[in-house]
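Multiple structures are listed underneath, in structure tokens.
Two complexes are shown next, each including chain A; its partner changes from chain B in the first to chain C in the second.
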Partner chain A sequence: MSRSGHRPFSLSRIGALSGNTFTELVRLKVFYFLLIFALLLIGNSLFMARLSFQQEFQVLKDVSLGAMSIFTSILAIVATAQLLPRDVEDRTIYTILAKPVPRYEYLIGKLGGVLLLLAFSVLAMTALFFAVLFLREHMLIAATMRETTGMRPEQIQEAVERLKASAFNAGLVPGIVIIFLKASLLAALTLFISTFATSNIFTVVVMVFIYFIGHLQSTAREYWLQEHGGGVLVKIFVAFVALIFPDLQLFNLVDDIVAGTAIPMALFAKTAVLGIVYTSVYLFFAWVSFHGKEL
Partner chain B sequence: MIEPAVAVNNLTKIFPIPFRRTKLVAVRDLSLEVAPGQVYGLLGPNGSGKSTTLKIILGLVSPTAGRTKIFGRDSREVGSREAVGFLPENPYFYKYLTGAETLRFYGKLCGLGGRELKTRTAEMLQLVGLQDARDRRLGGYSKGMLQRIGLAQALIQEPKLVVLDEPTAGVDPAGSREIRDLILDLKGRGITVLLSSHLLAQVQEICDRVGILAHGILVREGKVQDLLSIENQTELILEDATPETLAQIAALLDKSQTRLIGQRHPQTTLERLFLEATARLPEKE
Partner chain C sequence: MIRSALVLFFLALFGVLRLPIESRLSEQHRSAYFHQAQLELGLREQVGQLGFLAALSGFRSLVADVAFIQAHVAWERTEWGRVFLLFREATTLQPRSVMFWDMAAWHMAWNASVAAMNDSSQPNEYLRRKAQKEYFALGRDFLERGIKNNPDRPELYESLGRLYKDKLGDHAAAARCYERAAALPGAPEYDKRFAAYELSFAPGHEQEAYTALRQLYDLGEHERLPTLLSRLKYLEAALNIPLHERISPSEK
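Right after this comes the complex of A and B.
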């Protein structure tokens, strides 16, 4: 091997690590949770017969997007928490880092594998969700056609258009992308914590706290600023808290989507950039903590 | 001057003990060199600093003082590990991967790909005798098989140096013998081997040079023959000697004032006896 042969950054090494992590998680059968999601959707559809179609679609979207958000978050935390400790415990990490693999590539590879898993999970859940939505839409259109027999064609057309508008709306796909980005930042943060955590349970417990604080902090912040005013120090403190505990409420666009409100492009772009920045910053923190770690 | 395969200069490693004021000195001012093509054994009881030294050489742990080099490159450089293969003590690989998948994964980490990776994977599986188990998941491998797949992953990129930490720990005598043969095969190919062990008989058989560590200090170092030979004693091994011949020899020794320290039948090793008695059975599939 030549001295100049080693590349400090190799996409093929990262690809191998990500692919391996993805295979590990898939063979651990983590995709079984999709069955629960499918059952939830089917169960949900069965109990909505008595609702109006607007209500039915609202509930379907609310339940599906809410479940997607929770499932991907849980998956991101639980799947990531065990990756590093297990490699250390089984000494597999020695065999990997004794190869010409920089530690940042190892971390990027591990996170990449989890993100791949999350992407597949979100895609599978989206496919299930859209399939149920599509089926219900067509069933309701058929029912509407039957009920409106004898009406003027314009009236029928109007009823069908109204129904279609409340089924699929423009906010669905951006909303799902944001759910994925929220799970990504949670995975990166979990990876960071697992670089210094003493056990998987510690990592998961800390992440559960962060998850709740992340969702509640915007309410607490508003209350605090109202009560104590917004001096420079307070703002710095609030920004610091927002860095340590991500403001997860910003990633909660489900209510707007359910209400049928279109997500403005600017809001989507801002939230997406925020998700990517959070993920990158936590990955960097993970590297800072891990690069000098004695194995 | 030939660049040593491994150079350790004044290496010291101190581990702070959390919540206590004391520190643990794992390695103290250690210096040694391993020449290319040599099989070097690092001996010592548990906790003597063998594994720590190996980890520092591989860049997994940073030294408190001193430095280590691999073929002239500082161990802290990631690129220094291009020429190295490592088998840790009692390794557990990803048990959900098959033997072939494991080797492909490690090959990719070393920059191999395409046809080259495929060929190397097949060669390594053959070298360690696991062709028949190539598509079985590692979760179903025996300890000896895991050790062999570990050796195969260490060799996947044709390294110039192989580092083995207790390569026969927990392996039965037959498996241990196979690993020993593999190490001798590596030596035949000109690959440098640095291994740690506390199984002295085995090290004696395969190592050209040994270093003995105790409490992190290198207490003895040198060629195996030099360290083991007792300069003022000579051993004669006779075949079919009659009691009369022995008596004559004893008289001759007596006349020349040479003291006969002992007279005995040479013995086989326990390892050889065990292997002959149990005869190798085929690997269970």
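Right after this comes the complex of A and C.
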């Protein structure tokens, strides 16, 4: 603690800023998208009733996780992009920074609020998704039991086991965690862009481009690192893409998890650590860009 | 200006530091069967610009599901050419989905082949048979490519075994498929039995089949199922196994 009693880093100040940001975002009624998510799940499971149970569960999981991924990514970008411009417009930022609140605390607090919002959203969507999966699984088990009269108990048991294996696999949970980490990375990157952006729209548009380029970054990296043809200019461009943009493809594991690919714990941990490193580094860049900025 | 240059420098430095780590992690993902889809220009023509963009942006499995549902609708309308193209699209986008490969092969080798054989618009039987064989080959091709993409899953070996057995009449090849399925983790117990049954139908493999069936028989009561007993008895007679080595005649 310094002589004046002011601490250079305070978790309670960051907590207050995060809580405030979270409340502000909730007041924007962003959770309405959950209604769309619920409708999508219910509509999907009703339509898929014409397919076999394996097909139905695969499509249900693909649609749910795909929707979860797109909703969290959009939420991360749009919610973060308007944080700094809104604070400048409302002049809240001057009130906060006039107090002994360091700029890095302000940024951490803002990002914390968005991450809290993302965590709540992912939790709510996961709960909805698992509830629909659970309900469909039980409905199908009940229907299977009705159709198995005359079958041996071990055959019935095997049928039920197969059905359960198609419905829920433990790999879904790490897959959802990776979706959250990807959204966190996007939020941190959006915060970084918004520190030098001229407007809210500029940030969103740049982030949409980064989103698409980020998914192609691995292709660029491989092209650059391997000995392919192509001129010097192409090589420089590809190197630029590989060095500047994040590799978002590394966080796209749910496609294969739904298809039954098991994710080893070590691999999940490495991917998760990479997500956390990305988020922290982009937050640091945001601070570098923001700390001496004239407001 | 200095701040912008500093940020750009840090960004590039971070890129240099993370590049080898990402390359390694990407390799590890691939060896764990992630990111195996080959999104090439050929696919762009199949799925359209929007679909291709969606596939590139992390919605590969969703685009694959759309193709799969379209294939399902095409099957209901018995549009076999469309079924084939849409399944090719779905399996290219989602090569780790065993179900897509399996369904594609089933539609080709079972449904489309029967439809081709019963095609009233084709009076020439030779041509109908030729079309049927072509569909068998398409089904086999789907399963073989599916196995290449999913060598760790027993289901497609089982399906290929079934195709060899029911459609191509090659029992030795079917036995090899069931054997390979049985060797994989998570394979059902019956794969070993099926391998032995198929071998017992393959001419020239009688001794091998007898040994396999006898080994299963010796495992205990739970393996002594009616098919196993009847095939074993048939082989005992065919191979002139001495009476004292044969299984009890009372076993049915």
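Operating definition for what follows: the second predicted complex is superposed on the first by the 268 of 295 C-alpha atoms of A that agree within 3 Å, B and C clash if a C-alpha of one lies under 4 Å from a C-alpha of the other, contacts with A are read in each partner's own complex, and residues count from 1 in each chain.
The working rule: a contact is a pair of C-beta atoms (placed from the backbone, for glycine too) under 8 Å apart; a residue touches a chain by one contact, two chains touch by 3 or more.
All figures in this text were calculated on a predicted structure; none of them were measured in a lab.
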Mind working out whether A:212 is in touch with chain B, chain C, both or neither, as first, second, both or neither?
second
Considering only the touch criterion stated at the top, classify A:221 as touching first (chain B), second (chain C), both, or neither.
second
Please indicate which partner A:13 is in contact with in the superposed arrangement: first for chain B, second for chain C, both, or neither.
first
Would you check which partner chain A:267 touches, where first means chain B only, second means chain C only, and both and neither mean what they say?
second
In the superposed arrangement, which partner chain does A:41 touch: chain B (first), chain C (second), both, or neither?
neither
Determine, under the contact definition given at the top, whether A:292 touches first (chain B), second (chain C), both, or neither.
both
Comparing chain B and chain C in the superposed model, the one touching more of chain A is C
Using the superposition on chain A described above, determine whether A:204 touches chain B (first), chain C (second), both, or neither.
neither
Both partners, chain B and chain C, contact chain A at residues 292
Across the complex, what residues on chain B touch chain A?
15, 55, 58-62, 73, 78-79, 81-94, 96-97, 101, 105-106, 108-111, 113, 150, 153-154, 157, 160, 163
Can you tell me which positions in chain A touch chain C when the two form their complex?
51, 54-55, 58-59, 62-63, 66, 69-70, 196, 211-212, 215-216, 218, 221-222, 225, 242-244, 247-250, 252-256, 258-264, 267, 270-271, 274, 277, 281, 284-285, 288-289, 292-293
Mind listing the chain C positions that touch chain A in their complex?
3-4, 6-7, 10-12, 14-16, 18-19, 21-23, 25-26, 28-29, 32-37, 53, 56-62, 64-65, 68-69, 72, 94, 96-99, 103, 153
What part of chain A is in contact with chain B in the complex they form?
1, 3, 5-8, 10, 12-13, 15-17, 20, 23-24, 27-28, 90-92, 94-102, 292, 294-295
